[in-house]
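Per-chain numbering from 1; labels A, B, C and D assigned in written order.
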Amino acid sequence: MQPAADRRYVLTLSCPDRTGIVARISGFLADAGAWIVEAAYHAEPEENWFFTRQVVRADSVPFDADELRARFAEVAAEFGPETSWQVTDTAVLKRAVLLVTKEPHCLHDLLGRVAAGELPVQLEAVIGNHEGLADIVRAHGVEFHHVPFPGPDAPDRAAAKAAAFDEVRKLVDVHDPDAIVLARFMQILPPELCTAWAGRAINIHHSFLPSFAGARPYHQAHARGVKLIGASCHYVTADLDAGPIIEQDVIRVDHGDTVADMVRRGRDIERLVLSRGLRWHLEDRVLVQGNKTVVFH
Amino acid sequence: MQPAADRRYVLTLSCPDRTGIVARISGFLADAGAWIVEAAYHAEPEENWFFTRQVVRADSVPFDADELRARFAEVAAEFGPETSWQVTDTAVLKRAVLLVTKEPHCLHDLLGRVAAGELPVQLEAVIGNHEGLADIVRAHGVEFHHVPFPGPDAPDRAAAKAAAFDEVRKLVDVHDPDAIVLARFMQILPPELCTAWAGRAINIHHSFLPSFAGARPYHQAHARGVKLIGASCHYVTADLDAGPIIEQDVIRVDHGDTVADMVRRGRDIERLVLSRGLRWHLEDRVLVQGNKTVVFH
Amino acid sequence: MQPAADRRYVLTLSCPDRTGIVARISGFLADAGAWIVEAAYHAEPEENWFFTRQVVRADSVPFDADELRARFAEVAAEFGPETSWQVTDTAVLKRAVLLVTKEPHCLHDLLGRVAAGELPVQLEAVIGNHEGLADIVRAHGVEFHHVPFPGPDAPDRAAAKAAAFDEVRKLVDVHDPDAIVLARFMQILPPELCTAWAGRAINIHHSFLPSFAGARPYHQAHARGVKLIGASCHYVTADLDAGPIIEQDVIRVDHGDTVADMVRRGRDIERLVLSRGLRWHLEDRVLVQGNKTVVFH
Amino acid sequence: MQPAADRRYVLTLSCPDRTGIVARISGFLADAGAWIVEAAYHAEPEENWFFTRQVVRADSVPFDADELRARFAEVAAEFGPETSWQVTDTAVLKRAVLLVTKEPHCLHDLLGRVAAGELPVQLEAVIGNHEGLADIVRAHGVEFHHVPFPGPDAPDRAAAKAAAFDEVRKLVDVHDPDAIVLARFMQILPPELCTAWAGRAINIHHSFLPSFAGARPYHQAHARGVKLIGASCHYVTADLDAGPIIEQDVIRVDHGDTVADMVRRGRDIERLVLSRGLRWHLEDRVLVQGNKTVVFH
């Protein structure tokens, strides 16, 4: 349980930039008696767009989150119809569903972080197209669903795959999750799922994008002889490995590293990058602008 | 010359925290028509102290910097007598003086950066206790002053050293510099200079402080067998290598690195850390709180 | 099961340096038909000491590991009585025992890595002075033993603690482990255990040693205002947090990070540093020289 | 002047791999009485190729470098006709020529490092297609040659450019340099120069290759919204920005960084990456294999 003193309301907003937005928002919050504990702003000069994230102590505001939303809606309306905003309440845990295949390292890492209380999330379910990871998921007290996917030589593969994705979608959507995490899922989401889960589906790609998009990035990296390998956490869009990047990082490799070494060593960076990106998403630190992200951390 | 559109007024302020400060400041700026291009806040819960840095386009304000200061003084007065604030104008270049001895790498790096337009500073003078670096300083069009310091076996060493520091002080103070940079100066400033130059004297120490303060830090690091070596840029105080840290960084070493290798490789990190710390100081990004810094970058 | 083609013999040796050691060893290996896949050397000029690690394909040698040891013993004898060496066989898994308390993150990470096949080790048992982590350990199919330790106000605390350590020692020694990992165990080993487990007991300390040894390193780091926090993996000696360092790393923090943030963020670096140090230890990459390590990676 | 005790002979060799090469080479060196101070090996399993770099104290060998070469030639001949090897003498300084345009930061950095004795090189000349950097080069006591290149709208541009490159080639080749450094030269070398200078022409590209090859990489990086920017030091080949990579590194950027910020901040990483790559080249640490490098550091 979150102590009452740690409960926060998190306001995020983006809108066309103009003079006075900060003053209007901070004036509104001051009038409400809100005690701001974090405040970040970004003005994008090229697009002339404004972004902010403000965190206030819930116990400093003399009404609840719904009332705060209702009152702030009037302020937001002043910034024009393109304005996008939300107020979240840290007392309401975000919900996540994970999609996995056989690769266990990102799953183990996220399960461990949730068990250790490091991620502010309710893990609703894990869906795998293989059964190998079911036991460890259930040992953590989380639902596991096995949805087999057709192999490369399956008859009527397209239809079988579509049916499998339909089942995945049903199993996911029942939880109305705030995050659908492709924790090395290795299946390309169909465009309609990319649309349905826009801004909520998060992938970890095992390269420093845009280098080595697509299949077997460590093989590509090895062939090119790069001196660093990386991982990228990004929102899933219909354009493969080309969605808005949330977080990236790299580690050094050298001529002695085989592809197998890169695969093993890359896991360290995949784990870190995915968990950081997911944390920031769950904390409402990530605002999407076109194909880029503003990350207030 | 800075194009008019790039001219900025930079407001920094720190004061006891309370509700409504952001609203008051942003309201003031909005009333003045100021177009905010950067805004950062920090609330320190333990000390209950508030810090902010705001950058506005000069051409958005219908009066000059002095008038902005005069008007803002009334706002600042509302935040209590402990409030500290300033408004600087990027059209007025900061002034710096460098103190050096024989070690050339930080000096070369800073001269190169100034020549390349990377640091917003007017380099007023370089003062060295050896003459070896005079030529390259003058080739960059900068004054060089040689102030010899007594060697370890000099007769009446304390008095000679005090006299040398008196001369250094005169040569520095004539420029009323915003930054006095000890670019591997290797002489310990007397307490009265630490006081006179408080918040302006910046040192680069070749270790990751607080490890290996004092003499021969690379020897200490080698003897301990650490796997990373570092450098720390900090404000000079009377307490040796213990002033507020502005910036630190490290690089990896291994068992194959001798002390000489560490000295050579450490230079890369000394250059970077000093130039970053100095840049942030010159851009009014560093606010001191007790023995710590808030760095808005 | 390790494929036969991946089986390796790993030879490590250290001895006083002199001309011809490399030739003698490589001549021996060539005569045996051994196919070298990795070879690393280090000569320490100050101590005049020589270190090497050689990895050969097991299937290139026409006899077994014991015979290789018997034959190499004659070579090693030529390098003098101070010579230290061993030949290990990657087909014989190393054994490890973990010591834990309540902090779960390093345990979760190591369990996940073992389950994912990332660490070449047989995890024999986990011993905890609290029971909270028992279930997840057992879910991974690993023994868990609960050995309660006396609290700070327990009567006859010294005796109770000694008794607890006696029990820990028995539970550990029955496995004759190659590694005893203090995965945030938070109890100071008594000197006799440091001696008994010398070169096998591995600790993770949550600071960039030698800074902030001892208790509450993140509090110390926060108070000093450092800009990076770190973790250090080291062999345990009777001198607290002062044993030979195997691996260290750091991450950036800033003025906005509270102690609680540092604790949370530091976990990422503790996990990485411990797992890297442990891996290198298990792969016979770490040779100890006095209070320092040679790490061939 | 290098002290006699610091003089080294550096042997590098690559050849098809087979058992016994290490034994043969180390046996040869032992017979010669050579005291090995560094030894590194790499066996590339895919290509079945062997690489080594051995450093011996010159004063431990009872004959000179030419005699060492003559004797070693017989050993190398045993490894087959594809064997490539050399023996260099650190008492003979390598020679370098730099090519520059207007961007000063890499030039300043290299001049500073040479002046500080950080790079083992004789800087023979700097050739620029603009005159702006002439003064600082000459202040460092180095020849500067101005070779104007035709602008984008110059009549008969191709011929003028070819003539300019002819002049550059003459000015370079007179020094028979070991390194031709394109220190942000920004002109694409014609194929015949790539061939003539193969393995000696070193470029710094301001991106983490293979991402953002070609023109305006920081603009490309900004448009894609990456969270790290990088630089790559590579040998120049006829295939633009696709030659063997010697070194790469990255730094973190965020949504607040404009293209201009990236350009400025990227300079830090360009300087470091170029100076590291050049140092390794000068120290004979870089062996090229196809389009990749083995770097023994």
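Heads up, the rule we're going with is that contacts are C-beta pairs under 8 Å (C-beta built on N, C-alpha and C of every residue); 3 or more make two chains touch, one makes a residue touch a chain.
For each chain, UniProt lists the protein as follows: A, B, C, D = Formyltetrahydrofolate deformylase.
Since this is a predicted model, take the numbers as computed values, not measurements.
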Rotation, 0 to 180 degrees and nearest 5, that superposes subunit A on copy subunit B via CA atoms: 180
Of all other chains, the one whose Cα centre sits farthest from subunit B: C
Same-site or different-site touching of subunit C by its copy subunit D, using the half cut: same
Rounded Å distance between subunit A and subunit D, as computed from the means of their C-alpha atoms: 41
Sequence positions of subunit A contacting 2 or more other chains: 38, 45, 256
Residues of subunit A that touch subunit C when the two form their complex: 38, 104-105, 108-109, 111-113, 115-116, 118, 135-136, 139-140, 256, 264, 267-268, 272, 275
Subunit A residues touching subunit D - in the complex, by the definition given at the top: 42, 44-45, 208-212, 224-228, 230, 244-250, 254-256, 258, 291-295
For the subunit A and subunit B complex, residues of the former touching the latter: 19-20, 22-24, 26-27, 29-31, 33-41, 43, 45, 60
